[in-house]
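Each of the next two complexes has chain A plus one other chain: chain B in the first, chain C in the second.
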Partner chain A sequence: MAEWLALVQNETIKVWKKKRFAFVVLVLLVLIPVFVYAQMKIAQNSAEKFKGDWRAELQNRITDNTRALGSERIPEEWKKWRRALVQQLQYYLDHDMNPNTPNAVTFTRGYLDNSVTLFIPLMVLAIASDLVSGERSTGTIKMLLTRPVRRWRILLSKLVTLTLYVSLIIVTNAALCYLISGLAFGYQGWGEPIFTGFRVSGADVNVATVHAVPQYMYLLMQAGLVWCSAMTVAVLALMVSVLVRSTAASFVTMMAAVIAGTVLTNMASSWHSAKYLFNVNLELTDYLQGTPPPIEGMTLGFSLAMLGIWAAAGLAVSFAVFTKQDILN
Partner chain B sequence: MRPTSWLWRGLGAVTLVCLIVLLAGFGLALKDHWAPSAGMAIPEASKPPAAAAGSLASKPELKITALGDSLTVGTGDETGNGYVKTAAADLSKAMGKPVRVINNLAIGGLRADQLLEHLDDKGYVDAIVQADIVMLTIGANDLFEFATDGGSLAQGSEISPEQLDSRLPVAEKRLSDVLAALRMLNGAARIVYVGLYNPFYDVESLRIPASDTIQKWNAYAHGFAAADGNATVVPTFDLFESDIGSYLSSDHFHPNEAGYARIAARIVQALQ
Partner chain C sequence: MNANPIEGGDIVLSVQGLKKNIGGKPIIRGVSFDVRAGEIFGFLGPNGSGKTTTIRMLVDLIKPTGGRVLVCGEDVSRSPEKALRHVGCIVENPEMYGYLTGWENLEHFARMQKGITRERILEVAEIVGLDKRIHDKVKTYSLGMRQRLGIAQALLGSPKLLILDEPTNGLDPLGIKELRAFIRRLADEGMSLFISSHLLSEIQLMCDRVAIISHGEVIAVGKVEELIAHADTYTLWLLDQPGKGRGMLAADPNVRLVGEHEHRIDDAVLAGMKEAIVTVMDEDRIPGMVAELVRAGVEVRAVQRVTPSLEELFLSLTEGEGIG
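Entry: the complex of A and B
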C-alpha cells in the first residue's frame, strides 16, 4: 500500500512539475475577467433599460420568447425548448423570485453551467491527454515499467492522480470565478433562494417537485455534477492516451469528441439515438436547472447511466491494453 | 524533509479535500433529484410602486406600458422601433421630461381574449400597475384571423362581409372586457387605444366591406373611451387611405417605418 501511495505521489508531483495545473490557472486568470467584463456590460445595458426592475426584465424575457413562438420559421424543436423556458420563467415571476440576482454566486453558477460542455473538459484534457502517451513520447515509460510493480497498479496510480487533479481543477474554477467576479458583482448571494426540481417532458414543465434551495447548496450540487461529467471525459482521455502514441493525437481526438458533442446537442434533437453518445450527456447541470435536455426522453438517471457505461468501458479498455501491450521504440 | 515531500503533502491534502467536497455535492444532487426535501421558504419580495394619480403634465416622469398585437410589437418596422419607442421619444421631447417604456408586452397574433387571459399574469399586472400611460392595439386578429387555417387576409384567405359582421359583436365584447380589466388594474393611467385601419384599402373587392366593419369597430372603441373619461382612441384609419403602399411594409398588412412614425405622431398629439 505504502509503495503504491508512493506511485501516486510520484505521478502527482510529475504532473505538477510539468506545470500543467499552473497553465490551467493561467488560462482561467486571463479568461474569467473577460467573461466578467462581458457580463458586466450586459448587466449595465439592462440596468439602463429596466432601471433595476428585475420583474420588468424577467417579463420582457418571457414576452420575447413568447413572440418567437409565433414565428413560422423557427423549428418545432426550438419552440419546445422556448415553451419550457417560458413556463419556468413564469414560475419564477409568479413566485416573485429573481432567478438572476446580481452577485458573484449567481455568476459562478452561470459560469459552471456554460463551461461544463467545453471549457472544463478542455482543462481536464490538458492534464489527462499526456498521462500515458506523454511518457511514451519522452521514453520514460520504460523506466516506469521496469520497476517491480504490476502494470495495473501503475495505471491505477495514474487514474487516482487524474481524479485528484480533476477535483482540483473544478474547485479552482469555481473559486477563481467567485473571487474575480466578486470584484464586479459583490461577494454576497450565498443564501439567495433558487428553484430546482423542474421536470421537463417535451414542451411541458412539471412543477410538482419544484422547491427552493439556497444558492450555496445549488452551487455545491452543480459542482458535483460537473465533476461527474469531467471525470467521464478524464477517464476516456486516459483510454485514448493509452491507445495513441502521441500526446497531440490523443488531445485532438478527445477534443474533437467533446466539440462534436456540443454540435450534436444543438442539432441532434431529431436524431434520437445520439442520446447514447457520452458527449451529448455531459450537460448534467441542465437537469438541476430544469432546462429541456438536448434530446427528448433524456433524464438525469439516463445521462448518469450513459456516462457510467462509457466510463466503465473506457476503464476496461485502458487496463486491458495497458497491461498487455508491448512497449516498443 | 525534502521540498518534494512538502509539495506532495500539501497537494495531496488539498486535492483530497476538493474530491470529498465534490463527491458530497454529487451525492447531494442525486438526493435532491430523487428525494427532494421541502425546500427553504421564499422571502417576501417588495411590491412595485403603483402609479400616482394626477394629470400627465403634473408628473415629473412618465412611464409607459405597451400591450397588444403585432402592431405594438412593431412588426414591419425595419428599425425595430415601432410606434411605442417613437412615441415615447417624441413625447419626451414635446413635454420636456423623461418618458420611459417600462415594458412592451405585445405579442404578434394576439387576440383580445388571449390578452384578457394575460392580464392575470403577474408580469403584466406589475407593468400595468406602475404605468402612467397604457398603449395598446388589439382586435385586428379577432376580426381578420381565421381560426380554421390560422391565416389572415394578408395571406390570401377569402372573407365575406357577412363573416366580418358576425365576428364584430364577439370581438366588441372582448375589447370591452380588456379595457375594463385594464381600468380595474390601474385607475389612474391614461389608456391609449390605437384604432384599426384598413390595410386592404387599395384592394377593390375589400375596400368597402372591410372599411365598414373597421369603422364600426373604431366607433365602438370611441364609445367606450368616452364613457371611461381617461381613455383615448387614436384614429389611424385616414393615415392608410391614399398612397397606402408607401406606409405599409412588404407584407401589405403591417405599417412600415413611415407608417409607425405617423401613428406615433398622432399619439403624441393626443397626449399633449
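Entry: the complex of A and C
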C-alpha cells in the first residue's frame, strides 16, 4: 500500500511540477470573467427589452417557437425539439418560476452545461494526453520502466493520478465559476428550486416525473454527470497516449474525436447507430434539463452505459498494450 | 553455459540464447554471455549491430522472442520486480525529468524501490560530485551533469550490476577520463559493469572482458587482450627520406609493408603524418630497425604503434572462423 501510494505521489508531483494544472487554472481565470461579462450583457439586454418582465420574455420565446412549428421550411427533427422546448417553457410559466434568475449558482449551472462538451474535455486532455506519451517523447520512460516495479502498477498509478486531477478540474471549474460570477450576480441561489426529471419520449416531454430540487442538489448531480463524461474522455485519452508516441498527436486525436462528437450531435439524428459512439454521449447534463437527445432512443441510462463500455474497453487496451509493448525508442 | 547461474562462480548476469524478431525480421539472432561479479564487461559492436536492442532486453524494455536473461538468478522477463532490483542502468542518453530538480528526480526514482533513504540519495549525489547543483532544475544541466545524475540514479538501489550504454558519447576528453576512473572504482568495490561501445579503443581502456556482436550475433567472447591479439597492430614510421626508408623496411623479412588503401587506420590518427609508412612488425624489432635506419643516414622523426580498428578485429575474427 505504501509503495503504491509512493507511485501515485510520483505521478501527481510530475503533473503538478509540469504546471499542467496551473495552466488549466490560468485559462479559467481568463475565460470565466469573459463568460460572466457576456452573461451580464445578455441579462441587461433582455431586462431592457422586456422591462424586467421575465414572464413576457418567456411568453415571447413560447410564441416564437410555436410560430416556427407552423413553418414548412423547418425539418421535422427540429420541430420535435421545439415542441418539447415549448412544453417545458410553458411549465415554468404555469408554475410562476423564472428560469433565468441570474445568480452565481444559476450561472455555474449554465456554465457546466455548456462546458461539458468541449471546454472540460479540453482541460482534461491537457493533462491526460501527456501522461504516457510525454514520458516516451522525452525518453524518461526508459528510466521509469527499468525500475523494479511491474508495468501495470505504473499505469495504474497514472490512472489514479488522472482520476484525482479530473476531479480537481471539475471542482475547480465549479468553484472558480461560482466565485467569479458571484461578483457580478451575487452569491445567493443555493436553495432555489430547479425542475428536473423531464422525460423525452418521441416528441413529447413527459412532465409526469418532473419535480423540483434545490439548486445545490441539481449542481451536485450535474457535477457527477460531468465527472462521468470527463473520466471517459480521460481514460480514452490515456489509451491514445499509450498507443501514440507524441503528445501532440495524442492530443489532436482526442480533440478531433471530441469535436466530431459535437458535430455529429447536430447532424446525426437520422443516423441511428451513431448513438453507440462515445462522443455523442458526452452531454449528460442535457438529460437533467430535459433537452431532447440528439438521436432518438438515447436516455441517461443508455449514455452512461455507453460511456462505461467505452471507458472499460479503453482501459483494457491501455493495460494490455502498456504491459507488453516493446520500448524501441 | 551454466545450468544454474548462481553456482557458476558468482555470475551476476547470464544471457542465454537471446533472440528478437522485429516485424518478422530477426534482429538479434542468438546472444549468449555471462558477466561475473566485480568485472567490467564490454559489449562491442558497430552501430546497428543490435547492441541497444540487446541492452533493452537486459532491462525488460523489450521482450525477447527467445532465450532468457537472468540477473542474480532471476528471470528479467518473468519477474522484473525481483531481477531489476539488482540492476542500475542508463539506456542511451541519461534522460531525466527536466522540469524537476536533480534532487526531485532522485527522490522520484528512490520512491520506486524499497529501502532507499534520504541519506542514500545524499550519498549518491556526492559520489557523482553533483551535490552543489542538486537542487537546480535538470533542464539547466550540461550533458556531463545529466550523465552524472543518470549514474546517481542508477546507483541509488546499490545495484550488483550497472549497465551503461555508450557512456562516453558526448563527453569531452576530460569527462571521459574521469568516467573511466569512476567505473574502475565501482568495479573495485565489487560491482559488475556492463558497458557497450562501438569503439575498440574505449573497450580496451576500460574493460576486463568483452563480447563482440555483429549482425545480431555474438561472434566472440573473451579477455580484451586475447581478442585484440587476433588483429595486427600497426607500426607507423615517419622518416625524413621516405623512399630510402621504405626500401630498407621492405628488405627486412620480418617487416610487412601495408599499402595506402589496405589498412583501416582512422584518418584522425594519420592527421599530420600523411607521409608515414605503415608496417606490421614485431614490437621487439623496432629498436633494431631504428638503429639500422640511423646508421644508413635516415632520420627517424617518429615511430608510432596503432591498435587495430574494430573493423580489422572483425575481419580477423571472421576470417579465423572461416579457416578454423
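In the analysis below, the second predicted complex is superposed on the first by the 329 of 329 C-alpha atoms of A that agree within 3 Å, B and C clash if a C-alpha of one lies under 4 Å from a C-alpha of the other, contacts with A are read in each partner's own complex, and residues count from 1 in each chain.
By our rule, a contact is a pair of C-beta atoms (placed from the backbone, for glycine too) under 8 Å apart; a residue touches a chain by one contact, two chains touch by 3 or more.
It should be emphasised that the depicted structure is a prediction, and the values quoted were computed from it without experimental measurement.
S.K.: Do chain B and chain C fit side by side on chain A in the superposed arrangement, or is it a clash?
M.R.: Once chain A is superposed (C-alpha atoms), there is room for both chain B and chain C without a clash.
S.K.: Which partner chains sit in contact with A:Gln188 here, chain B, chain C, both or neither? Use first/second/both/neither.
M.R.: neither
S.K.: Examine A:Ser270 and indicate which partner it touches, taking first as chain B and second as chain C; both and neither are also allowed.
M.R.: neither
S.K.: Could you look at A:Asn45 and tell me whether it touches chain B, chain C, both or neither (first, second, both, neither)?
M.R.: Touch status of A:Asn45: no partner.
S.K.: Under the stated touch criterion, which partner chain does A:Ile170 make contact with: chain B (first), chain C (second), both, or neither?
M.R.: So A:Ile170 only meets chain B here.
S.K.: Would you check which partner chain A:Pro148 touches, where first means chain B only, second means chain C only, and both and neither mean what they say?
M.R.: The answer is second: A:Pro148 touches chain C but not chain B.
S.K.: Compare chain B and chain C by how many residues of chain A each one touches, and report the one with more.
M.R.: B
S.K.: Is A:Thr63 contacted by the first partner chain B, the second partner chain C, both or neither?
M.R.: Once the two structures are laid over each other on A, A:Thr63 reaches chain B alone.
S.K.: Taking the superposition on A as described, I'd like to know which of chain B and chain C A:Gln9 touches: first, second, both or neither.
M.R.: In the superposed model, A:Gln9 contacts both chain B and chain C.
S.K.: Chain B and chain C, closest CA-CA distance after overlay, in Å?
M.R.: 8
S.K.: Please identify the positions on chain A that touch both chain B and chain C, taking each partner from its own complex.
M.R.: The answer is residues 9, 13 of chain A.
S.K.: Once bound in the complex, which stretches of chain A touch chain C?
M.R.: The contact residues of chain A facing chain C are 3, 6-7, 9-10, 13-14, 17-19, 138-140, 142-151, 324, 326-328.
S.K.: What residues of chain B sit close enough to touch chain A in their complex?
M.R.: For this pair, the touching residues of chain B are 4, 7-8, 11-12, 14-16, 18-19, 21-29, 32-33, 36-45, 48, 73, 100, 102-109, 121-124, 126-127.
S.K.: What does chain C use to touch chain A in their complex?
M.R.: 22, 56, 59-63, 80-85, 87, 89, 91-93, 95-100, 104, 108-109, 111-114, 153, 157
S.K.: For the complex, give me every residue of chain A touching chain B.
M.R.: 8-9, 12-13, 16, 51, 53, 55-56, 58-60, 62-63, 66-67, 70, 90, 93-98, 163-165, 167-168, 170-171, 193, 196-197, 209, 211-214, 217, 220-225, 227-228, 287-288, 300
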